[in-house]
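What follows is a structure written as structure tokens; I'll ask about it next.
Chains here go by letter, A, B, C, D and E, matching the order in which they are written, and residues are numbered from 1 within each.
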């Protein structure tokens, strides 16, 4: 049961931290931390777009991922594509045709789960920028440990190096909404629609869906955290008129 | 995306205010903005905030083979690509004049002035040396990227610890951080860049210009010095012509500023070292 | 490590010059038939060719400035110009930086507002390198611009100076430059004596700075005399030919 | 532009190809609603696939894979290299996918496109994280010399689903690799110069497993799953699911990118179909 | 998770995030179309296919009884042009018929050279590039550049629109700009008690300040910027602190 950092249980996330509206040149920005991993995200837009990239019926979304060390490589290109294609159906880009939305994702500290951290930072930055979205999302990573076969949530770099398989998931908050009101939300019913999934290593089908369920539950915590973060920020803004 | 030019009102107001001896953010002419340094949990990572300008520097190292003509010299490289995060006018993968000038200034300030002892990075002559890499990430651009980047780079290098190595014959063992305490780099001196902006035919000289001031300025100059009053680099690339006396006056101001900033950096490093000691216990 | 003695006990430099002495300068203008203005300049063994084209239509529409001309500087180093043959890539930051320096030096001096919406190209070719490339380029560019008849408020004269062992000296050659001497390049407007460009690398104590800078200034004035003579001789020559 | 599916006025008719150009999505939807695709396949159908080994004589191993209109050639070259200090007994695997302008008008000259880089990365991760090959097998002399396998995939003709084709070609080419046995002596690596390669003077790679993949796209809100999409289908659909499995039915990689949320049952279906498809493909590869 | 919003106490801010559905209160949402009042959706809300209404921005859910209007009040920095709003822009280009004005939106806006009080073909104001203009958005459409005018269209009078002479302009968040226009926000009044000044606030987050001298203007600009995240009492102390230091 003991994890490498000796302080967490298998399905515990590291402490979250987030902060919005950090950068003065961007239209929106946010930093999101999962323990020792941290990603800063900036959003500019809807802004002018190069004619070459202009789309007549919607905004062009560009994602630039920048690594902490070294020049951007193919891993960063993969991250860019994952984030962009996941956001494209989420952003109501039809409301801002012929414009561009530029998202820059900068790794600030790396202790594993950078893609998940980046997803969460991005959604906070998009909210800060006021880009219209049809839902929010939350991302969590887990691994299946090589030795114990146990599923560990939110692994550190060290834990990742001992993984048999690694799984990154993204869930939106629509799924939880549609199930309320109807039958009680049953998280174990394997009915949580997956917005994004990227798994590598060696694993069975059963392991995969088990990971999906555990991550879905954890993603709800992330959704809740995002809600609280936004709430706190708004309360601060409304001090003068809402005293 | 081209940067929006400031309006005539802004231009005229900034100049008029300077005539009254005032700057837009309330500073005196020779004041730096508040400098904040924050360190990560890793060695060699520092985030610098100079007013609204933000820069992150991260130092990393690896063992590589030296150049055959310099078998005992390690490497020190800088990555100063301007990120679109700092300003959407910066494009990925396109080299602009601004980027070249920033990167060359950092290079001259750090490498040409021999701030780092590169000979000390040798492990086995002709076989293995340390290569130290400094990645400088520009996060937010509110003017004076060079000074902020230089502070970030040198502070990160001072903060950095590389793994300890033992050499027995030709066998090299690199010890992990758990096995042995990592060792600091040998830094000869601390070069600090001080940038000036000139207005009114060089009559008015400002230190640490903001983005708006940079857009309006008539000329600029960057001096790099250390506390030993050595000029490590000077760069005035054209712009408004200045009298020799005015330039010498700037060096005097820079000497004072460098002393102040060096003290701030050392204070921050000491505070961080103390914090680390406490958390280790 | 044995170091080269850069200064003899008598105070003479490695090439026999006194500290405040320039190398032999040779200069001619209008050396190229195709360019609108051109100049060839030798500072001792450093040899530079400058060509000016324009004012002409800007190559990229997007860069056009509605109230003045853009100055574009391109820099080329012949592979055989240095001791070791070295191919320089187009993106070499040192070269791009030099080009940017030359551009920014001439922007306040050329009366660009006379040539709104156009472009002035300055091409610089280093043929042989023996120290002081930047100064040679600026001087050659000045003469080429004058040869092209482009309006300027003054000459721009450049000269290097450095602290060679125990004394300040001007116009350093390659050996002096590469022995880790601190060297400063100064470009001056001779009429007002103001400094437009100043570049220094390597360490120098603040107290020695004034001496080095003033000496560089002296060098710029000497350069001005030489350049002015070449230009005037050429003008007189032309006038004489036209009178015939 | 509203839906034209309602009841097109008879006065307004045009040929099928015009309709396709004007309303590609609508044209496509009509087919899908009938359970077939414009190229005649069923929704679950894969395109005809062929595999040829040893097509490049200058490479240590090679293969050409054709999936419908997509043709890729993979060549593996072994070179002697110095190992990394932190892994002195491990060789290198360097996969690279090249999508040049020659294979489709969708690609431009210049640095590798995003798709080429993403595909390279996906193959790289499968090879390493699913432990296809023990990198220690590539060691010649610890700390001194190792083999570096350059795995280059060149796309000759692009008609969608590059990942499946590229991965199959990489696995086929790796199975085809023969490297001359090296001897290490005082810093010099020697290999036998014999003309014919046999088991005495050369060795084959010991592959732990052969991961093969099947990719699907999700069409529209109806969430129809289309197997092995061609280029036109890729451009119309948004969500893409790829499942990579080995011969024992273990999953090596699963990715779902873009489109809306997919329910686990859809993903399950993809996994099942990927298992079937990889079985067929594996049989095809072993036939030769 | 909190998905459908319950009717919380009226005083607390009702905060919504994208994907949250609007509360299905009896009064405003009635399936029976005959008695259902018309709902007007403002910014930050979008109807979904299944007749529910979803928030698309993070902000405070607002409701006005008059016209049964619902909207999400959110804060952002990037301006998106909306008709009828007053903005401050900079002239960045000129053609025969239009000025091109940068109002901080994705595209530059167009201002007709005749859209000024009393302007005619013979007699019209001439504004150079770099001029600061206070104008009104006459036409805004997501597919086209916004159009501006410097007069009240019904009266043809300038109504204070036109070029802003002197002074200084700075950028704030759109939320702060909106609050500065709200009489409940006191910062401008607090400042006015100490220093006389002129101001124009654009809905695009541009605030123009002019006063007797540069130091006063700088103080006012900084005080307004500082006020964004302060309470009323804190504003009073902050302004006093700044004025005392002058």
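Couple of notes before you dig in:
Assume contacts are C-beta pairs under 8 Å (C-beta built on N, C-alpha and C of every residue); 3 or more make two chains touch, one makes a residue touch a chain.
Small disclaimer: the values here were computed from a predicted structure and weren't measured.
On a Cα centroid basis, the chain most remote from subunit D in this structure is C. C-beta contact counts were set side by side for B-D and A-E; A-E has more. If you average the Cα atoms of subunit A and of subunit E, the two centres end up 31 Å apart. Annotation: 29 Å between the Cα-based centres of subunit B and subunit C.
As a whole-number value, the distance joining the C-alpha centres of subunit C and subunit D reads 57 Å. Centre to centre, using the average C-alpha position, subunit D and subunit E are separated by 52 Å. Chains touching one another, given as pairs, are A-B, A-D, A-E, B-C, B-D, B-E. Of all the residues in subunit B, the ones that touch subunit A in their complex are 1, 40-42, 45, 47, 52, 54, 56, 58, 60, 79, 81, 83-88, 92, 133, 135, 137, 139-142. The residues of subunit E lying in touch with subunit B in their complex are 90, 92, 102, 128, 130-132, 164-169, 208, 213-215, 217-219, 221-222.
Across the complex, subunit B meets subunit C through its residues 95, 97, 100-101, 103-104, 107-108, 112-114, 219, 221, 225, 228-244, 247-248, 251, 255. Within the complex, the subunit C residues that touch subunit B are 91, 93-94, 96-97, 100-101, 103-108, 182, 184, 187-189, 192-207, 209-210, 213-214, 217. By the touch criterion stated above, subunit D contacts subunit B in their complex at residues 82, 85-86.
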